[in-house]
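Chain IDs A, B and C follow the sequence of writing; residue 1 opens each chain.
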Amino acid sequence: MSLWEYANPVKFLGLSARVQPYLWAAAAICVVVGLVWGFFATPDDFRQGSTVKIIYLHVPAALMAINAWFMMLVASLIWLIRRHHVSALAAKAAAPVGITMTVIALVTGAIWGQPMWGTWWAWDPRLTSFLILFLFYLGYIALWEAVDDPDTAADLTSVLCLVGSVFAVLSRYAVKFWNQGLHQGTSVPVATGGRTVSDVFFYPLVISMVGFGLLFLALVLYRTGTEIRLRRARALLARSKKEA
Amino acid sequence: MIALLHRDLMLAFRAGGGFGLGLAFFLIVTVLVPFSVGPQSELLSTIAPGVLWLGALLACLLSLDRLLALDFEDGTLDLLATAPLPLEAALSIKALSHWLTTGLPLVLAAPVLGLMLNLAPDGYLWLIASLALGTPALSVIGAFGAALTVGIKRGGLLMSLLVLPLYVPTLIFGAEAARRGAMGLDGTTPLILLAGITLGTIALMPFASAAVLRMTLR
Amino acid sequence: MTLCIHDLAVARGGVPVLSGVSFEIAPGAALILRGPNGAGKTTLLRTIAGLQPALSGQIDGADETIAYAGHADGLKAMLSVTENLTFWAQVFGNSDIEPALAAYQLDPLRDRLAGTLSAGQKRRLGLARLMVTGRPVWVLDEPTVSLDADAVAMFASAVTAHLRAGGMALIATHIDLGLNAATFDVAPYRAKADQRSGASDEAFL
């Protein structure tokens, strides 16, 4: 039995229907435990006060924002090479989740940055990279929406995802280079400020990260299922029109 | 290949071909900047390299939707796809003619506009060098964006959305080289990185563009 | 050198329109393609010309041999008749455009901009393009649209000359060109509704 069997939409729907309840439950437990523990059961940081607690939202969201793109990249490659529809639709389904995670990371970062750095936004390499990632997500989703034929849309967005990944990496290094060049040894304490994490902060953070990962997985499975059903409905509609 | 280049250039120079539109846009944007930020020559001098780079980038972007859309509408792309010329070569040539009619004039006009923005005397050479090295990448990346959106009605805005993020590295290194030059520093490092990006995109992007164009022509 | 189509299935927008299409065109022969509107003639021709992939089946002898003319002529309004024709000749590695100009009586128009030509004249120019490609197989989709009787006669004699020189032609048309050619009706090959194998959305059923 090969993993590729689940590239068949019907089999995929069956498996994902069986897995999803557990996945949702596990995700909910991890997110709730991680956040509640993080918000209420950890001490305030001696330097950052209670603001540090936004880390339990910020870091997992940022992590998933990048991993979602990575997942889309792998799914796009699978579509281009093996032409499994589920793969293309999974990439399509992951994009809105990824962009939401990016926005959460950016917004929580701004809320965290305001009391810490005295500014909502700084053109720090890390922040700027996320802004660029946001733009890439935006373009990817817009291209999916703009192309009528679903297979052509899958082809085009897959290539865009590949090319975009290369340019996203290039941008990351360009941005690092650019800001050093501007500030000549910056004095702004960067998002690593809260990363001197001791165990008290670390365990809830890990639980929260796992929770966000599971949540992402559940959301993508759910959304992929919706996309598959949409395609199925369209396929059936096309057949019934032809017979009539 | 030369025939295609010759034809594209001829079309650009004929009436309605759009040659000079990009240049005029570049000029107007640059002239509008002092109106929006104020006439202090020190401030203008500081932002001049960045403004000129951004203006050049937008001027390139503006002319991109003519790159393939007209050939798509009149069926030329279909016929080119069945011609002995590989699509990769055809797209490279189209990007080259786009650069010759848009990028190159921008490079030549930039020093004049630099004068108007009070660019530091040291900066001119760096500005020209960075634009000359960077604008070919803008054309080649733009050809990819044009190929992605050629079959889409009113794809112009979508193309901007897709192409602009891809322009980020080029813009950063290009403007950085020009800015360092204008501040009297050595801009060699960003210039070399910029050249690397340009050469890399010229070598690889036509394959992605041609693959995408085959998908849209189908 | 023969153009061989064997058991070809083609799709439009991911839905199969024709299946099991087989025919051969030998040098010096022409085949007239017939069928009602929307039957898939254009899709079949585009597939044979290599502009879109076939669902299944084989196309032999189509590599670098086909000159395709679809609904659009690929003309630039701001270039003159000779400039348009010279461009296509050069793309295909030729240079002599005079026979093509003569065959479609474009000589008096040679310096006119293509944008100022009438629809029929544009079509004549688009068909003249076929002669400068030097390709042996002409694949033509409704070539006589907007041509008057004289121009149709010009086209018919150009095709005849091409065939006499050992060329081949595959023409989708509804009018009688007076050519000595076999006819191929696509209607019986229409893909059945239950014959959904190969459709791009097949996996979802």
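Note that in this section contacts are C-beta pairs under 8 Å (C-beta built on N, C-alpha and C of every residue); 3 or more make two chains touch, one makes a residue touch a chain.
The model shown is predicted, which means the values in this text are computed figures rather than measured ones.
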Of all other chains, the one whose Cα centre sits farthest from chain A: C
Just to be sure I understand: the centre of a chain is the mean of its C-alpha atoms, right? Then which chain's centre is nearest the mean of all of them? B
What is the distance, in whole Å, between the centres of chain A and chain C, each centre taken as the mean of its C-alpha atoms? 48
Between chain B and chain C, centroid-to-centroid distance (C-alpha), Å: 37
Let me have the rounded angstrom distance from the C-alpha centre of chain A over to the C-alpha centre of chain B, please. 32
Residues of chain B that touch two or more other chains: which are they? 218
Residue ranges of chain B touching chain C (in the complex, touch as defined): 2-4, 6-7, 10-11, 14-17, 73-76, 78-85, 217-218
Contact residues on chain C for chain B in the complex? 49-53, 64, 66-76, 78-79, 83, 86-88, 90-93, 129, 133
Quick check on the complex: what are the chain B residues that touch chain A? 144, 148-149, 151-152, 155, 158, 161-162, 164-166, 168-169, 172-173, 176, 180, 190, 193, 197, 205, 208, 211-212, 215-216, 218
Per the touch rule above, chain A residues touching chain B in the complex are 132, 135-136, 138-139, 142-143, 146-147, 152, 155-156, 159-160, 162-164, 167, 170-171, 173-175, 177-178, 181
Which of the residues in chain A end up touching chain C in this complex? 8-9, 85, 149-151, 228, 231-232, 234-236, 238-239, 242-243
